[in-house]
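The structures considered in this document are given below.
One chain, chain A, appears in both complexes that follow, with chain B as partner in the first and chain C in the second.
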Partner chain A sequence: MWLLAAMAFVVAPHVLRLPEWVGVFFVLVVAWRAWIAWRAARTPPRWLVLALTLGAVVATFLAYGRIMGRDAGTTLLVLMAALKLLEMKTSREIELAIHLGFVLVMTNFLFSQTIPFGIYMLACVWLFVATLVGHQRGAGRTPTVRERLAPAGMLLLQAVPLMLVFFILFPRVQGPLWALPQDARAGLSGLSDSMTPGNISKLIQSEATAFRVQFDGEIPPYAVLYWRGPVLWIFDGRTWRVPEFSIAGSQEYSRAERPVRYAVTVEPHGKHWLFSLDVPGTLPRGAGIRHDLQLRSIRPVDSRIRYEMTSYLDYRYGEKLPSAFRGLALSFDERRNPKTVALGRRWAAEAASPVEVVNRALQFFNTQYTYTLEPPILASDDPYDEFLFETKRGFCEHYAGSFALLMRAAGIPARIVTGYQGGEVNPLNRELLVRQADAHAWVEVWLEGRGWVRLDPTSVVAPNRIDAGINAALGPIGVIPSLIAADRLRVLAALRFAWEALDSQWNQWVLGYNVERQRQFLSSLGLEIANWKDLALWLTIATLAVGGFVGLGLVLRDLPVRRDPAVLAWNRYCAKLAAAGLARAPHEGPLDFLARVESLRPAIAPEAREITERYVRARYGDGLSKRENRELLGLVRAFAPAGALRGRRAA
Partner chain B sequence: MLIDARARLAPNPVEDVVARASRVILGKERQIRLAMACILARGHLLIEDVPGVGKTTLSHALSRLLGLEYQRIQFTSDLLPADVIGVSIFDRENSSFRFHPGPIFSQIILADEINRASPKAQSALLEAMEEHQVTAEGETRPLPEPFFVIATQNPLHQVGTFPLPESQLDRFLMRLRLGYPDAKAERELLKGEERRDLISQLEPAMSAEQLRELQRAVTATQVSEALLDYVQALVAHTRVSPKYAQGLSPRAALAVLRAAQAWALMQGRRQVLPEDVQAVLPAVVGHRLHGTGESQKGGFDAATDLLTAVAIP
Partner chain C sequence: MFADLRQSIADWIFRTRHPEAPPVTLVQRRIFILPTRQGYLFGLVLLVLLLASINYSLSLGFLLTFLLAAMGAVAMLHTWRNLAHLKLRPGRCDPVFAGDTVRFRVVIESPSRERFAVAIRRRGEPPAFVDVRAHEPAIASLAVPAPRRGRLACGRLEIFTRYPVGLFHAWSYFDFGLSAIVYPRPDPAAGLPPPQTLAGDDEGIPIAGDEDFALLRGYRPGDPPRQIAWKALARGDDLLTKEFQATASAELWLDWIDARAPDPEARLSVLAHWVIEVERLGQSYGLRLPGTAIAPGRGDAHRARCLEALALHGVEDGP
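Then we have the complex of A and B:
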């Protein structure tokens, strides 16, 4: 049965997402219904369906603790749809079940909005429309697959113009259309507001997109693509954290005239921060900046957002360091990591200037350390001691963390910046794709007269990590189970680039079509639309226009036959007679009609006969010449059936 | 001119056949005309009605009037294919088998009460109808030309009948129903002579050569695009409308067209008009259409519904 198949298709993605028992229940109920249809068995009694319904509600409540919300609501809907299938008998109930299917299609979009998924859901909609078509055919012979799918496809095609109109003109709400319940935000990956040795390398295993950047002009060199994320000040011996309190202060910086303009599209990560190159020159809408140059969105980034940025790559900032910040940037727990602290202090004692300390530290890392994604686990209470003096194998957070600690021990204010480094340029659309795998941590130290200076100890250990990206640094062995490492032919890479480009367009123009974009797009069409009332007006106009065009197209499709002049003349003749009270039935042949006219209106018989004979010759005989056609038209013009006047008055 | 062309063709042998047959079968001129159209369109004819309304009389009369050689086969439940096709019998003088042709080797076959025979015997006849040849004992023998089958059958709900399967019904161009005569015609019938005597008195009104010529003329009638539009619209309607269990086949569409051509010729016209299609349609598609749903209308009603449902384009 079509409905069952369509239902199974639309629910399939849900079954993978929701708890197993939901899937099992659904499959069982649908199988039961199929068996009923197959063997023409009896549908279950009413009380059983009722009991199952109650059971489903209770089970949902037990599983989620509520029956509202995205996951619980969807579960409930899936269960109810299955039960509806079980009890449907009448035509009305079948239609209801089909419409329930459309709602299920919508719920799927609460979970995923990618292109392949969209296509899949479109196929589901097609199936449901086909089911509806099959249902409307009524009793009798079952329509073939083609007879179902073809008209359904036509219907969908006819709906496309209307869909476009609604997509373009429907008033957008600032922010997400409806607030997703809290549970929709679980499981977003991204940087966190703290850094412990080991947590970024977990992120690095992920190929998921963090954000995309479109540069206005040249893409800056790879080595300066440090995407600034959370800045970590607080250190407890193991973990670096973002200060809980908001640090207000000046963000003064001097900058050289080398602005880079770009637009960033961030995937939802559930936190507040936004990413930019150092140093940000503008603020995105709805965002603020901390004094440590960290951009923060006012609302958590729960949906994909896009913002325009300008950054100045030659800069100098924070030349004056307030004492409160200085204290924060120097604080560490004396009791933890004693060897590291001692080393830092020794350097400070031996060196003449902080710059020398810094250089010495970089030198230190250059000699003895190995870059690896799978560093030994640091279990002791003094993880940086363990790393620096025992394991000596680590990842960016190890280097950044220990380096910052060394600096603080040496009396140089230091802090950790986490974010992303580099990215991958898609040659097709010149777009930079930054993945979670590009996550990185580096250090900023404050030097007298220089302000905050970015230092990346990882670049000393594994220079090509910064120059060429993570995969180059790790070599072809590829700790990351991705296509990238294995693809020697570059075919996959090309395909992937094409896909990324498409996906990016989809994100920007379909999913990211918000108030702002809508206004931009409409004004590029010459429509300045100020508020939703205008929008609603235009929506109505455009809907009517599109409906009119489609309707006109359908009418015109049936029209060409009527262009024959003889047919036009004949129609006019019939119209005149109809006005005179003698209407031709649609299925009445010309001779039969003539016979009727002759018997009912003998007075006009000769003219009627003349016209009919010509028409018959035109339509069913050899056809008429142009002159004869004109004569026929003349005859029809002159034709005045008695009673026409009365008929007209009556009309 | 165009419409009065009938007068020009006089003396019209077709009109003559119709007129003479009408003297034997009273009050059934339309059915006689349809039967005639069927023959002119080279189709086989099935006449279906309750016993005693003149099925056999009509087929007898037509056979005689057309001046063709004819044979009557009474179909019974124990009829064997060999009874229809013929059988080889050992000839002592020549010491060999000699084929004795059955009644089917004839120009007109009257297959009386065809649905009383077993499917096996039916199919022997029906194969011959389609192929215009029979195969007996491994040898294929052509049948004479022209070759017509006029079959009669009792309505299916009568006792002791084997309904013809749809595929075999499809081989008949038309199915006619005679129906009861009206009171006046019946009165005349009761007062008049014995029908059997009337038939034996009938003289052929047409030669075989004339018949062939008319058949050729049928295919030469003019079929315009507009008319094809109409035929296609009718056929298409049966395929999409939920009122019919099954749509009409292309063969059925072709049958409608041929019969309409024959009808147009009988009206004395060279062009086929929608009226011609309408005149023959119930007879041609009545046995190929089945209504669905609550109505479960019989073929004739379904065909009539079809005519009113489809506008002439």
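Then we have the complex of A and C:
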């Protein structure tokens, strides 16, 4: 049965995402329904369906603790769809089930909106419409597969122009209209507002896109692409955190002449921060900057957003450090990580200047440490002691964390910056793609007279990491086997770049088409849209134009065929003869009429014969070409029975 | 509910319409279109989808919503097109006996494309669906029960379609003034007409083979096929009809007076049975009713004439 198949297709992706019991339930119910349809068995009694429905609601509530929200709501819808199939008998219920199917397609988009998935869902919609068509055909003989799919496909195809008009011009509202349920953005990955040894290395396993950058002009060298995210000040001996308070940033920094211009399209991560290079020159709309150069969006980044930025890579800032910040940047728990603290203090005592301490620390990391994605777990209460003096194998957060602690112990103000480093340039569209795998943590120390200076201890341990990216740093065993495998084969790499370029366009123009993009796009078309009323006006105009076009195309095809030119010519011929006193009787065929004309008016016989023969061939023979039709019309025009009569009389 | 509402509105708008001469072409302005209940529900679903798309900023959600909405709009056009320019003619409508089912037939012709699931219905009755191929007349046959004898008027018919997706109901009305003759139900218990009605002869009813062949005459429309001189036709002559001379003694009058029955309807039933039986025996017979008489004769045309007289006896014979 068509509906069962369509429903199974649309639910299949959900089954993989939702708890197993939902899938099992759905498959069982659909199998039961298929069996009923196949064996023409009886549908289950109403009370059983009702009981199952109640059971489904209760089970959903038990599983999620509620029945609303993305996951719970979807689960409930899937279960209801299954039960609806079960009790489906009347045509009304079938149509209802199809509508439910459309809603299920929508719920799928809550989970994924990639190109392949969109195509898959389009196929599902097609199946549903085909089911509707088949259902309407119902009364007669059962329609064939083609008779269902072809009209449904035609309908959808003819709907595409109007869909595009609406998509482009429908006034977009900045969602959400009401508070999103808690889990609306579940599964978003990204940086968090704290750093514990081990949490960034988890993120690094992910190939997911963090954001994309389109540079205006040349792409700066890889080694300076430090994308700043959350800045961590608070340290409790194990975890570094973003301070609770927030102070707006001052613009007190000196900077070089040339800014870098770029546009960032950031994937939703559910938090506030945005990413930028070093010192921002201009701020995007709806964003602010903190004193520690942390760029923050006013709304949480719940959907893909795009912003334009300028940054200065050559800068000095924070040359004056207020004492409150200084205190914060020096504080640590004396009782934790005693060995590390002692080491820092010893360096401070032995060195003449903070710069010397910094150099010594970098030297220290350079000699004895190994960069690895799978560091040993640090379980003790003094994790940095354990790392520095025992395991000596770590990842960027280990290096950044222990380095910052050493600096603080040595009396140098230090803080941790998390974010992303580097990215991958797609040669096709010159776009930099930054993945979660590029997540990074580094240190900023404050030096008298220089302000805050970026130091990356990881770069000392694994210079490749900064120069060429994570895959190079980890060598052949690699983090992301699929990516490396792809890189080995040129063709695959080219394909991957092409796909990513396409995906980027998809993200920017389809998925990221929001209020801002809409205005931008329309003004590039020359439409200045001041408010939604303009938009509604244009929408109406475009809808009428496009709809009218499609509609006329359909309606005109049906209008009665225009009369055959041969017939028009013939009628004119008859009218001329009638005017000359020789009217054709209604029952008279063309040849009979010709015979009469020939006998009564021999003078015009040759012309009459010519015209009649052509007409007969046009109507009863194999038809006339366009040229022959014109010739016939010319003959009829030249035909002058009255004149011929007069001429004969005159003679 | 919507169907009822639409029906009553339609009744109000189209309350006066006289029967039209066939053929009727469903031109643009004759066709009405409104969403079905399913269509309104679809609209509601679209609204839900739109709200969800806005709330969750789902671009593909917007695309889905707009695709479905545009599909609905296009479907409206298709539904309308499925009915437009159809040509309707009344079809054959055979008389039946009371208690049987009349089949009103409408011939539907499509001048252009193939049309699917076009339905004809009388008000409040189940529709008859038919697919109409291009240039190939299709016949929609409406079964209407005929409980009583007389003339069963078909009344105004609705032609409608919901193809392709059932979101819209396009319809039009037409009235050819179709009617069907409903014969009285024959009373099987009536037996044969009483012998005394045989005009002074005791021989009883002669059987078919005994009659004398009288002459051949030219075929007239309505002559029963079994009286056609097929052999003459085979020889190359024109269509001829064999005429039989019924003997005077075999002339039989089926009389209202003789049909003993408690009420006029039952009498008519008895007479109907007699007509059928006597015709089957090949006897020539006449029919006498209060106010009318049909001269003796034979054959299918005569039988039909007699039964029709019975059907319409005492019935206002208006269109």
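FYI, the second predicted complex is superposed on the first by the 540 of 651 C-alpha atoms of A that agree within 3 Å, B and C clash if a C-alpha of one lies under 4 Å from a C-alpha of the other, contacts with A are read in each partner's own complex, and residues count from 1 in each chain.
Quick note on the criterion: a contact is a pair of C-beta atoms (placed from the backbone, for glycine too) under 8 Å apart; a residue touches a chain by one contact, two chains touch by 3 or more.
No experiment lies behind these values; they were computed from the predicted model shown.
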(message) For A:P590, using the defined touch cut-off, is the partner it touches chain B, chain C, both, or neither? Pick first, second, both or neither.
(response) first
(request) Go through the superposed model and pick first if A:Q113 touches only chain B, second if only chain C, both, or neither. (result) second
(message) Quick check for you: in the superposed arrangement, does A:R617 touch first (chain B), second (chain C), both or neither?
(response) first
(message) Between chain B and chain C, which one contacts more residues of chain A in the superposed model?
(response) C
(request) Mind working out whether A:M163 is in touch with chain B, chain C, both or neither, as first, second, both or neither? (result) second
(message) With the touch criterion stated at the top, can you tell me which chain A residues are shared between the chain B interface and the chain C interface?
(response) 137-140
(request) Could you please specify the touching residues of chain A with respect to chain B in the complex? (result) 137-141, 561, 585-592, 609, 613, 616-617, 619-623
(request) Can you check the complex and tell me which residues of chain A touch chain C? (result) 92, 95-96, 99, 102-103, 105-106, 109-110, 113, 118, 121, 125, 129, 132-133, 135-140, 151-152, 155-156, 158-163, 166-167, 170, 172-173, 175-178, 180, 184, 302-303, 510-514, 547, 550-551, 554-555, 557-558, 560
(request) Under the touch definition given earlier, write down the residues of chain B that touch chain A in their complex. (result) 1-3, 222, 224, 226-227, 229, 242-246, 270-275, 278, 292-293, 307-313
(request) Could you pull out which chain C residues touch chain A in their complex? (result) 38, 41-42, 45, 48-49, 51-71, 73-75, 77-78, 81, 84-85, 111-113, 116-117, 119, 129-131, 162-166
